[in-house]
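What follows is subunit A paired twice: with subunit B in the first complex and subunit C in the second.
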Partner chain A sequence: MSQRQVLLVFEQYQKARTEFVQTVAELSTRPQNIETLQATGVMQLLRPLLLDVVPTVQQTAALALGRLANYNDDLAEAVVKSDILPQLVYSLAEQNRFYKKAAAFVLRAVAKHSPQLAQTVVDCGALDALVICLEEFDPGVKEAAAWALGYIARHNDELAQAVVDAGAVPLLVLCIQEPELSLKRIAASALSDICKHSPELAQTVVDAGAIAHLAQMILNPDSKLKRQVLSAFAQISKHSVELAELVVEAEIFPAVLTCLKDSHEVVIKNTATLIREIAKHTPELCQLIMNAGGVAAVVDYIGDTKGNVRLPGIMMLGYVAAHSETLAMAVIVSKGVSQLAIILSDEQEDHIKAATVWALGQIGRHTPEHAKAIAVSNVLPKLLQSYISPDSSEDLQTKSKKALKNILQKCVYLPALEPLLQEAPPNILKHVVAQYSKVLPNDPSARRMFVTSGGLKKIQEIRSEPGSALQEHIHEINKCFPEEIVRYYSPGYSEALLQRVEGFKPSTEMQTS
Partner chain B sequence: MEDLFKLQQEADEQRIAEYNAALKIQAWFRGNRIRKYMRFLHDTAAKIQSTFRMFTTRKRYYVKVKEALVQRKEAEAHKAAAKIQKIWRGYYTRKYIHNYYARRNYLLAVEERNIEIREQLARFAQNQKEIKEREERMKFEEEKILLARKHHYMMSTYQQNGVFASPWFPNTGFEDLISQVPPLSKEERKNLMKPVKSEGLEKNSPRELPPLKNVIQPKQQGPFRDPTICCVLAYNPTITPVIMLPVITHQYT
Partner chain C sequence: MSLYLSYGKLLIDQLDLAITQKYEEAERFRRTEHLAACKLQKWWKKILLKLKDRKRTRASTMVLGFMRKVVSTKKVELIENHKKTMKLRKQYGKHVTPLQALWRGYYSRKTIMDFYKRKALLEAVVKKNEETRSHLHKMHNLQLRMERWRRHSYMANARKSIHFLISTRAREGIPENVIEKTAEEAAALKRKKRHTVEPLVIVQPLPSPRRYKNYVPPDDIECFGPFRRKESVIEQKNRPLEPTLRVSTSYNITERERKKDKQESWIKCIQKPMKFATASSKCTNYDRTLWGHTEYNPRDFCNKTIRYESQCKNKLPFISQVPVIPLFDRLGKSYAERSKLIK
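Right after this comes the complex of A and B.
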């Protein structure tokens, strides 16, 4: 045969391979095709194509493999079992940028499903190759490598430590400074995934100088970038006081409060999480947030949003109020209590209600002034409802009970205690009665109100064991009033009176009989 | 005889009376004298006792006075110390432990700051909204202009009203827009039709197959087509599934 015919055969074969690989890659973008592909054993066919002579075929084969592995973890396992990973890692060092991107994509797709798969990826020596990719010139390659590293570090502590040991962190910090937006996003997300596991990892990231660069990006208008940056900050500051202080020293307040007005809910939620993690640690940090106007911004944000998005904000208010009574008073001044009361009546989810109830308890437990502020906003009956209602979860009931108890022990605002007197179960009632027994001996107008509102009647109707604290308090209250009125309101008095009426023989009747 | 007896009796009685009188006088006198003496003795004893008592009590008195003085001084010192401590404690607590006025000022400052921040954030949110709306409007305008440029050939002519200038439908201004904007040139139209090219992970266009290197010798003798054209024909995906083979001549070796 002529030379040209021989060459023609090879051309045909090349064309066939290329078409096959491209079609498979295209088909694997759609989920419904993937099961069919899996059934036909596409993995074995694609594997030798990775070693093809033609670079395009290699790249497209890698791309197809990546898409398949991305779909579910069985396919990812199949990729691992077919022993493809070492080959990929080896060629990651050598080939051109398209291939590197595709190979990094495959590694990412395999590593994302579970820690075991990520561990296999690491065991093939992928980390060093990926870190070398991070030093590349092309931003697309860096992005793919950073993405893969982020997914590996996401799962657990050891994997994140392995990523850090491979020297990825300084390169990721360099990536953040690059002008390409997508690269910044991915690098920030990878750093966030590394920081979240332990304080040492967070410290490593901070030592690489990440905080300053991340802080600059907070003012970037892109929402997805802000989301990752805020998440990274939140993960760093949650571990310890020193890290939180470092984050705050980067002068993110008050600029970060503008992120609370972003149009994307995830950005708002991450900002609130960040502020919450900072506020958790010490009163000084809370004071800093307060001075920057953070509490007002958070109160506004929990009023504007709905559902799970406002949960970090509610918890933040609770943490701030828990530290000291000045901070709790400042939360009250920032209209926190009225907002929390609105949330308590609006929300249906139990865990959000539980958080609100807990926050209210932390605000009200310090002094009578705080308790009065809470009582005035008509929250106590709602707390009682949450405690009593059979629909509330266990958690909500425990939290309501604790909050109610803490607030009642300091509450001397009697008009708010009256509805509780009517409806409360005995263990709450004893606190209410105790408060009455503190106030009534000293205040005559309160005593008058107490009688006219039916409180004295209710007190007499309470049955309590002799010798218990409740009995003592009731006794003390009864001592504040004249005997006749106490007897008048005691139960069965009308019966006793009527019996006396029956037994009474008027003198005129006697004479005639 | 009786006179003698009477006289004797009288003399006896007188003698007895005189005797009793003398006795009385002597008794009185002796009593007086002794009483006076007793009185004198009592007085001197009293005087001695009183001087002695004055002496001893004065000693004890001075001791007691000294003690009382010491105690009074101590009591004064205690009172003065209590007053100093009272003033100091009030001052210290009010200044450092629970400074009511500092706390009140702090809470007022917090309120002011909150108002400021709320205003700022509201302005920021408003700003963002406006920017977004402006961008959307601009995008919308640009799309309209692009559409007008694309539909240049629908413009109405002198003879015939175009679709957008139909007398049966209200004037939307699209016709005017078409007449105002320049039509698309040939390159622009081609650029529009071309799919957006993105790097790397997208499917490579079949037109971009790598060229076959040194496989076909150029400038064959004879009635053959240009080899590159043949290549393109061979790999043209619109021709399915039979590959159009380039014309081959058998070379008899």
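Right after this comes the complex of A and C.
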């Protein structure tokens, strides 16, 4: 055989390998092919191709493995069991940028499924190699490495700590400053995944100077970047007052309020989450948000959106109102109560209704003025309905009861209490009757209204245990009216009168005359 | 002697007895006197005491009376003062209480809960809310306009780039080469205003394909749009044919050549040593699926349920697929035997 013929054999073999690996990579993009590929033992075939002399074959094999591992955790486990990871980690330091991208993709695809798989990736020494990739010149390599690090860190705080200990945070902060948009997104997402676990990790990210760079990107026109930046800020702020103040000092208000009008729902939701996490800490931070017009912006946003998107906004209003009566009054004047009342009647999800009910309770619990603002919006019957409805979840019923109790204890607006008198169960009725017993002794016109509206009759029909608080309040109310009127409205009085009529014997004088 | 003694004893005894009786008598007398004296003293002491008591009682009564008088006077004074005070309080209370209530209300509103400040704060909040709402509304409209402009510019660029394919305002002629545009034409295009509607020119229908070969656009019709100049068209048509040795090549010829060069360089270069991964002790052996040992030899490349591993003891002996060699037959040897020897 001539040399040419011998070389031809090898060329054909190389061509076959290249074609095979490219076809497998293409087939693995479609989910319907994955099971067939798995059944044919594609992992075992691709593993030796990672060591192929032809770089294209290596890269394509790595890409195919990454796509397979990305599909489900069984395949990812198969990748781990096939001892592919050490080779990939070793090659990350040695190979060219295309292979590095593919290898980082495989690591990401394996780590994303579960904390155990992510731990396996970390145990293979992938973190150091990925951190070195963050110093690469090629932005694609940096993006792939940052993505893999983010997927490792997102599972639990131990893995996130491992990523931080590997020195990834300063490099990620540098990646945020790069001009490539996709790299910025991924780096912001990775920082957000690191921050979310504990205050110490969030502090590490803050100490690396991330806040200033993230704050500059809030008004970036790219929605995907904005959502990651806002998510990162929310994860930093949620842990403590100091961190929230650091975020606020970056002068994100009022610029961040414009994100509430974004066309993408995720951006809006993340913005509301950020504002909520800042507002929940102290009244001063709530005051700052209020001074920036944040309350009105949030009220408008919960009116324009539906479903889970509006949930952080509802909670934010509740947190603001909970701090002090002035802030609660600010929520009322910003038309928050009417919007929350609309949400309570329109929404079907119990957890959103529960949040709304809780927010209304926080607004109305401070003074009679606040309770009146709630009562005037015709919210009390809806709260009662949420409490007594058998379709309501346990959480919704508990929150409704608590909110009703808090509002009723301050409510002296009697027209709003009348519907509750007719329908409320005994544990709510006692609070309603208690409020009547406070108001009626001092207000003659209210007493007249009480009688004409049938309230007095309803009070007499209530059965209460002797010595209970309810009976005492009923007794207090009865003392406000003349005895004959109380007797007139007491149940069974008409029958007693008729019996008296039957038993009456006319006098003899009458008979003789 | 004994008689005298006894008589003397008797006398002594009698004397003793008499003395004793005298003593007893005297004692009795003394006792009586003592008792009488005691009685007398008692009687006298009693009188003395009574006299003393009388004095003391009188003195104490006087003192007590005096003190009681003082105390009761003071009590009466106090009661009277209290009555006077209540009377005065009632009298002035009607006028002073409203003043005090006014002051206390003002003071509490100023220091404890400043309702004026709160009112001003709430008014400022309402004002700020309105400003924020209008600002956000403007920002939202601006964003929508930007979005619309971006989409419009995207569509306009797309329309420009595929104008030749979809334009309904095609004119007869050959598409113009942009590079050949003169400077005057380029300046004229720049000066051309936007959104001007070009007048529709009624175009004569294109000639049939058979006649198109010799077709030249007539002189009187001017071609609008991105078409070449008539002169360049005529020049190209009249250019003499200059055939070359270059044959038609495929679109990706350069890529193929590059690959070929790469292969050749691979063939020629010295191979780098292969790097193998450091396998762990737990790693499984690489299973060459093409060359397994089963009933079906070589292994069929198909479903797992069909393939199965045979047990070691049931392994079939090596059976050569190579045709029988006459020399081996002559010598009585076989591959199977050889394989056993090797083992």
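Following the convention adopted for this analysis, the second predicted complex is superposed on the first by the 506 of 513 C-alpha atoms of A that agree within 3 Å, B and C clash if a C-alpha of one lies under 4 Å from a C-alpha of the other, contacts with A are read in each partner's own complex, and residues count from 1 in each chain.
Quick note on the criterion: a contact is a pair of C-beta atoms (placed from the backbone, for glycine too) under 8 Å apart; a residue touches a chain by one contact, two chains touch by 3 or more.
Just so we're clear, the structure is a prediction, and the values are computed from it rather than from any experiment.
Q: Which term applies to subunit B and subunit C once both are placed on subunit A by superposition, clash or fit?
A: After superposition on subunit A, which the two structures share, subunit B runs into subunit C.
Q: Name the contact category of A:Thr60: first (subunit B only), second (subunit C only), both, or neither.
A: first
Q: Who does A:Ala39 touch here: subunit B (first), subunit C (second), both, or neither?
A: Only subunit C is touched by A:Ala39; subunit B is not.
Q: On the A-aligned overlay, A:Phe98 touches which partner chain: subunit B = first, subunit C = second, or both, or neither?
A: first
Q: With the two complexes superposed on chain A, say which partner A:Leu51 touches: subunit B (first), subunit C (second), both, or neither.
A: second
Q: What is the contact status of A:Gln22 with respect to subunit B (first) and subunit C (second): first, second, both, or neither?
A: So A:Gln22 only meets subunit B here.
Q: Check the residue A:Leu7 against both partner chains and state whether it touches subunit B (first), subunit C (second), both, or neither.
A: both
Q: Quick check for you: in the superposed arrangement, does A:Pro444 touch first (subunit B), second (subunit C), both or neither?
A: After superposition on chain A, A:Pro444 lies in contact with neither partner.
Q: Let me test your reading of the model: by the given contact rule, A:Pro425 touches which partner, first (subunit B), second (subunit C), both or neither?
A: neither
Q: Quick check for you: in the superposed arrangement, does A:Gly293 touch first (subunit B), second (subunit C), both or neither?
A: both
Q: Hey, what residues of subunit A end up touching subunit B and subunit C alike?
A: 7, 11, 54, 254, 257-258, 260-263, 290-297, 300, 326, 329-330, 333-334
Q: In the complex of these two chains, what residues of subunit A are touching subunit C?
A: Touching subunit C: residues 7, 10-11, 14, 39-41, 44-45, 47-48, 51, 53-54, 81-83, 86-87, 90, 94, 221, 254, 257-258, 260-263, 290-297, 300, 326, 329-330, 333-334 of subunit A.
Q: Where on subunit B does subunit A make contact in their complex?
A: These residues of subunit B touch subunit A: 103, 106-107, 110-111, 113-118, 120-121, 124-125, 128, 132, 199-201, 203-204, 206, 208-210, 212, 215-216, 234-235, 243, 245, 248, 250-251, 253.
Q: Any idea which subunit C residues touch subunit A in the complex?
A: 118, 121-122, 125-126, 128-133, 135-136, 139-140, 143, 146-147, 263, 266-267, 271-272, 274-280, 283-284, 286-287, 289, 301, 303-304
Q: Which of the residues in subunit A end up touching subunit B in this complex?
A: Interface residues on subunit A, with respect to subunit B: 2, 4-5, 7-8, 11-12, 15, 18-19, 22, 25-26, 54-56, 59-60, 63, 97-98, 101-102, 105, 140, 254, 257-258, 260-263, 290-297, 300, 326, 329-330, 333-334.
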